[in-house]
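Two complexes come next, and they have one chain in common, chain A, joined by chain B in the first and chain C in the second.
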Partner chain A sequence: MVAQWCQWLSSTPLSTSIRQSDWWFSIIESVHVLGVTLMVGTIAIVDLRLLGWLLKREPVSSVTRAILPWTWCGLVVMALSGALLFVSEAADAYRNTAFRIKSVLLVAAGLNALLFHRTILRSVSAWDRSPFTPVPARRAAALSLVLWSAIVVCGRAIAYFH
Partner chain B sequence: MKHTKPLTIATLTALLAALPALAHHSFAAEFDGAKPVRLIGVLTKIEWTNPHSYFYLDVLNAANGSTSHWICEGGGPGALSRRGWKRGDIKLGDQLVVDGYLAKDGSNFIDARRVKLPDGRFVEGGSPGDGAPGDRPSASAHGASAAGAAR
Partner chain C sequence: MSLLPVFRWLGATALGVAINRSTYGFAIIEMVHLLGLSLLGGSVLIIDLCALGWIRLRQPAARIASDLTPLLLGSLAALVVSGILLVADGPLRYYANAAFRAKMLLLGVAVAFYFTLHRRALAGAPTARKAAAILALTLWFAVALAGRAIGLL
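And then the complex of A and B:
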């Protein structure tokens, strides 16, 4: 079912024109990497603050308030360019082990962030100025760093699986 | 809890340790620079695609009359067309002469470094800067083997 949809996607004019283009594929690929850099870089700043490794004197809420808009910018760039790259090789990506692992990890990272914002961060006023945040916050931060690192590694590894 | 920091460091270190193997450039990841090969065959399929192109050849074995199927990997459309190799330059049924290097896994798969097109032109088929033998002018130590492969 999914395989057939990916096959169909690969046969669309948009997919074919990116796949066979002289320049577009490389351009989209570069934009994707820049989007990932912005998103994962800004996420890492928040994670490191939660772990108490940097900006310890800054309240957590002011760090997240300053950083989050940039994370959203990175997410939009990353998601749009990533979608185009996927469209260009949907059938191959579907069969690719690294891509499959990356997809699962992306969902996990998204859920981790959602849970953190919906539960742990709700009580931020109680520990906003503390350099050491509660254990659940630090656990979410560590998990976020590990998941995003693994996602980047899997993304690069797609080229090495057939 | 103090346990999170060492755990995070250990995990990140493990991930970083896994990186060099993945960051290796494509030639060395899949192909053996010590195994040059020349294929002369009939083109059966063209994948003019990013990030690599693929050309499928039927190669006749003169000794026993059998045909073997080979896949040749080349650079992407942009890299190839900048060297003067346009998509319309080849069509199914054309005979190509491809000099390249065998895959490390022993399959009928090669990295196409130099391709003789039907119109008699020779073009570079590989990905630019992928570290294959003779890929950079400075790699003079490998120049001899690359020239040998071209013969």
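And then the complex of A and C:
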């Protein structure tokens, strides 16, 4: 089912035109890396604050409020450019081990963030100014750092699995 | 004086030869380089967007900058070390590459600016602070762009 859909996606005019152009893939890929830098870079700063490694004088809620809108910008850039990269080589990506692992890790990172915002961050007013955040918050931050690093590594590895 | 002998030497070192012979060496170092890039990009963005007033934290941009300096220097060190190892894989591929030369020049300017004039401007008047932030973001963006272009030339 999914394999056939990927096959069909690869035969669309959008897919073939990106694949056949000399520049489009490289340009979209560069935009993707910039989106990744924006998103992963800002997430890492928030995670490191939650771990109490930096911005300790800044309340957690002020860090998340100020920085997370930029993370969302990065996500939009990353998702749009990522979707185009995927369309251009959908059939190959489907069979690519690194791509499969990356997809699973992306879902895991999304769930980790969702869970963090729905549960731990709800009680932020109790520990907002403390440089020492609760253990669940640190656990979520550490997991987020590990997951996003692995996503970047798998993303780069996709090109080596062809 | 040409730097060509330095590049030749780097490629001939045991490390250079080992990376060149290994199947995954280059790929793994490239991944470290990308992770460093995300961290450096993140710190630079937070500092300069604070300076521009587009990110509003409690403390002034100069304080945020000094708070993020360890991360900035750490990721820069990771980038420089992994970058040297990437070059060691095949120094002559890079020596003559126009994008590589442009990147090294821009990197030198960006680093020098970031730790001198930029640092001072962050603590200064709003106009100087914002101008320094825009210049810094432009310089780092140009470094990244030139870096991406190395593989395309």
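Just so we're on the same page, the second predicted complex is superposed on the first by the 162 of 162 C-alpha atoms of A that agree within 3 Å, B and C clash if a C-alpha of one lies under 4 Å from a C-alpha of the other, contacts with A are read in each partner's own complex, and residues count from 1 in each chain.
The working rule: a residue touches a chain if its C-beta (ideal position, glycine included) is under 8 Å from a C-beta of that chain, and two chains touch if they have at least 3 such contacts.
Every value quoted in this text rests on a predicted model; they were computed, and no experiment measured them.
Of the two partner chains, both chain B and chain C are touched by A:S26. Once the two complexes are laid over each other on the shared chain, residue contacts for A:A66 go to chain C alone; chain B is not touched. Residue contacts after overlaying the shared chain place A:L34 against chain C, while chain B stays out of touching range. In the superposition on chain A, A:L51 makes contact with chain B only, not with chain C. In the superposition on chain A, A:L75 makes contact with neither chain B nor chain C. Judged by the touch definition given at the top, the superposed model places A:S88 against chain B, while chain C stays out of reach.
After overlaying the two complexes on the shared chain, residue contacts for A:A150 are found with chain B alone; chain C is out of touch. In the superposition on chain A, no contact is made by A:L106 with either chain B or chain C. By the touch criterion defined above, A:Y160 reaches both chain B and chain C. Common to the chain B and chain C contact sets on chain A are residues 26, 149, 153, 156-157, 160.
Listing the residues of chain A that touch chain C in their complex gives 26, 30, 33-34, 36-38, 40-45, 48, 54-59, 62-63, 66-67, 70, 149, 152-153, 156-157, 160.
Contact residues of chain B toward chain A in the complex are 1, 4-5, 7-8, 11-12, 15, 18-19, 22-23, 26, 29, 48-51, 76-78, 81-82, 87.
Considering their complex, residues 18-23, 25-26, 29, 51, 88-89, 135, 138-139, 142, 145-146, 149-150, 153, 156-157, 159-160 of chain A touch chain B.
Across the complex, chain A is touched by residues 27, 30-31, 34-35, 37-43, 45-46, 49, 55-59, 63-64, 67-68, 70-71, 144-145, 148, 152 of chain C.
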